[in-house]
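Take a look at these structures.
Below are two complexes that have subunit A in common, paired first with subunit B and then with subunit C.
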Partner chain A sequence: MLRDRFDRFAVLALLLVVGALGALLVTARPSAGRQAGSAPDRQVERELLAQARVAFLDRHYGPVTALRDRGELQSALLKLEELDRRFPGEPHGALLRGDILYRMGLIDRAVASLAVAVRGNGDYLDASGPLNQRELVTVAAEQGIPLLRDRVRAQPDDRQAAAVLRDAYYLKSRLAGGCE
Partner chain B sequence: MTLSSRLAGPALCAFLLLTVLAGCDRRPPAGPPVRIGYMNCNSAEETLQRFAPLTRYLSEQLGVNFEAVPVDTQDFEQRFAAGEFAFTHTNSLLYIILRHDRDLQLLATEKRGQFGPRTAGAIVVRRDSPIRSLQELKGKRMIFGPQMAPTGYMAQYDLLLKAGIDPERDLGFSTIPQGSFKHEKLVYGVYLGAFDAAAAPVLDLETMTREGKIAADDFRILAQSEIIPYCTFGAAKSADPALVEKFRKALLELTPETTVEIDGERRKVLGAAWVDGFEALRDQDYDPVRAMAKRTNMPPYQVY
Partner chain C sequence: MTLPRLDRHFWTVVAAGFVLGLLGVLLAVWGNPENSGICVSCFMENSAGALGLHANPRLQYLRPELIGFVLGAAACAIAGREFRSRGGSAPLARLASGVFLIVGCAVFIGCPIKLFLRLTAGDLAAGAGVVGLLAGIWLGLKGLAAGVDLGRSRAEHGGTGWLIPAGALVLLLFLVVPPPFVIFSERGSAAQHAPWLISLGGGLLLGALAQRSRFCVTGSVRDTLLMGVRTPLIWGLAAFVLAAVAVNLASGRFHLALYGQPGAHLEYLWSFLGMLLVGWLSVLVGGCPFRQLIKAGEGDADAGLVVVGMLIGGGLVQSWGIAATAAGVPLVGKAAVLIGLAFVLGATLLFRLRAV
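Up next, the complex of A and B:
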């Protein structure tokens, strides 16, 4: 196998390279600067994502909020129908719908919609976050529970009322800090 | 050969036979038909298509041979009084008329759209219209829905009366579109500039927006009525109470996943009927409809 001096030299060189690589792998560690930078990087990423989301919602759902604030509640609901086609399943649509239905006095419908929103994005209950809607969710759940409880008591086979009552309790539990 | 191995063959055959039979189309129960009168929306054909799966579902659940009967709104009370059908599916105005005149029993209310078992009527103008208030509709051209439509006619008539406008005298011109799809026609009538304002049911505005037929920004809502119950199932006073209760329960138990087999096709019951579900409203929930009918001199309170 090792016929001449060149063969022996080549095998020795190969062993040296393998040994050096092994030593590098054993001794190598991330640099101090890189180690310290990873956590802030993630923090910055999260912050950027949060800001981008707020900007996205402002841009697309701003007209709904403007109509709502002017008292044009039905027009705001129609605008939401339009946005649902573009962004189906977006929790912010459900949140705004819940808000508008609450203003229209349709508490049960509002509770159902707010539950969809909170299930889709828990940030609506983060008191220190930019999307905080704890006050709205609290009043809707507090007003909804006695109303729906009476309805279920009067008509125990009213599945719809029972489902919305469960939604109201779900909101209450999330407000209290419970998980999904 | 052991006993278990001798039984294995017949057991397998029985299992396969049961599996095949379970997959077969369930025939509607035999027996004398019990008729359900469905108020026509656009045409008798469309009504039958919409409600065929629901009627089949009720037949299967209750073990009764239900038959769907499409009924024109104007003929509804007369045909109900003649005993042509025991169960009814009507708008909320027809419900209060039949309740008042014929003791109709309330079963369940249909859910559809943003307000669930309720809806509203609106008066709309084009977004670029110079008309900013109901008072400015005096002398203008307005299009209404059919006369017995609670949120396509009565609610808007009521809104105008409340604003001090007599629709019979103060509008420059008013009309009702011909043929089917009346509610869509009146929305397009305003959109295309043939009329200054339209009496649009909010549910139709919602549906047309969702389907992309109109944009939310195309129209301005001048006024909107209070929210009143939507289409309603009822039962004749003479109907078997046990059957009525089962009928009501079967409606309330429907979910969007409920299907039936019709003509070899499995169809969603609620989806086919354009319904989101059913809710158990109380008769007093219809009091706003009664108040509206009184204010607008509509049946069952019409005074000549």
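Up next, the complex of A and C:
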């Protein structure tokens, strides 16, 4: 190191570049040169999307929730079918269907619907999130597993029951936490 | 039965295994996801996400444990005058190995450390992974015996061995003062984490202990297959398992069951194959994902390339939908494991030193 002029030049240039980088970072104003897509933008964008999603679900699925709360479960299911045609693949429809089927006592079908919902959107199991439905998913899985296990034992060829049992185990696994 | 000498090295290995088991569970008690107090592959995926290498909003956090492993190993190696810049052996093969290590882990859902953490929490579904890991290590050893060798690393002038510890320092800076391009999840499993100072402290301690002891999960199994219980490493693994079982039982986290376990799926064949890939690759590159971080901290640029590959892999398994979830293993994940196995077999043929 520092044996000749070239080494000294390289060290001096290195110090200058490091100094310039430090000065740039210290003196830069937060807004100067900020590009779209930086983390603060993305965080805000995410928050906006999350809030917009909740508002969207309230607006479009509100009538279903209202029917469900009034106990008009069949009408709520019919309304959900209509919404499924408008928003195919939207997990909130599957969640509400699971909720309604659970209230109707159709535990196996409720479990299958809830599994579709949770696969589509993990936010339903975030205890602190606005879409939290842990309680519903927990009771459906807890009641569904023994019921479906007995059915599979009694009829080992019942592939549908076996598939729903796997859904119930999936829900239990997701409720237990761990890496996703 | 010949037992190892109960010397200082033996007890260092046992201490490393014990602390790994202890912290592996305690970090989950303190906030990390269930059964993932320490999981190098999950943490790689989280860190890759935080750096913008994938866009899964539930898996983005710079895990301080990873930074701690590298810096703890580097500090310990420097203090013990064992830090040596070395490398130059099959760099691209090692980089690709790093990617496929994470592919195998992502399909199983966890690295070899998490495999044992899952098992010690009563997750019987991890059993297929244990069999796969043992099979992979056995196949790797057969390859070594037949002359498969990526080559020895050489001392390098220019100090490339400092790059990974320097990178870890930069990541530590990003963790403490996040720049605009680093993003952390506010929901999902990456939002679950122990206080960062505790995670970093645990990582530093484990990095130092693992550097001193050379402890490694796959290395323990490999040496046991070669030397039986004479190797101190198997006693380190035993201490790891005992400590993890004890803390899991004490903290009420032991649930013996095949179904409904956290971060686990029921596709046993793919759990087996995923861990087979990890075990085989680990023998080929000289250690499990955890050991690669420790060696990179000691100045091993070859291990550093595996680490870079693992970070790239952490981004790819999420971006390309390779990673398994509790719902099962996606088709892309299954294909990626088979491509990984084809890669190992290709490397086995290409890197074999044959008698003339």
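Operating definition for what follows: the second predicted complex is superposed on the first by the 139 of 180 C-alpha atoms of A that agree within 3 Å, B and C clash if a C-alpha of one lies under 4 Å from a C-alpha of the other, contacts with A are read in each partner's own complex, and residues count from 1 in each chain.
Keep this in mind: a contact is a pair of C-beta atoms (placed from the backbone, for glycine too) under 8 Å apart; a residue touches a chain by one contact, two chains touch by 3 or more.
For clarity, every value in this text was computed on a predicted model and none was experimentally measured.
With both complexes brought onto subunit A, simultaneous placement of subunit B and subunit C is permitted, the two fitting side by side without a clash.
Of the two partner chains, subunit B is the only one that A:101 touches; subunit C does not reach it.
In the superposed pair of complexes, A:147 makes contact with neither subunit B nor subunit C.
Contacts of A:82 after superposition on the shared chain: subunit B is touched, whereas subunit C is not. Judged by the touch definition given at the top, the superposed model places A:54 against neither subunit B nor subunit C. In the superposition on chain A, contact is made by A:126 with subunit C only, not with subunit B. When the two structures are aligned on the shared chain, A:162 is found in touch with neither subunit B nor subunit C. Of the two partners subunit B and subunit C, more residues of subunit A are touched by C. Once both complexes are placed on a shared chain A, the shortest Cα to Cα gap between subunit B and subunit C comes to 18 Å. When the two complexes are superposed on chain A, none of the residues of subunit A touches both subunit B and subunit C. In the complex of the two chains, the subunit A residues touching subunit B come out as 72, 74-75, 77-79, 81-82, 84-85, 97, 101, 104, 106, 108-109, 155, 157-161.
Note for the complex: subunit A touches subunit C at residues 34, 38-40, 42-43, 46, 115, 119, 122-123, 126, 128-129, 141, 145, 166, 169-170, 172-180. Subunit C makes touch with subunit A in their complex at residues 33-36, 39, 42, 45, 57-59, 109-110, 178-183, 186-189, 192, 255, 259-266, 325-327. On the side of subunit B, the complex with subunit A involves touching residues 111, 114-116, 118, 120, 122, 202, 205-206, 209-210, 212, 215-217, 220-221, 224, 227, 249, 252-253, 277, 279-280.
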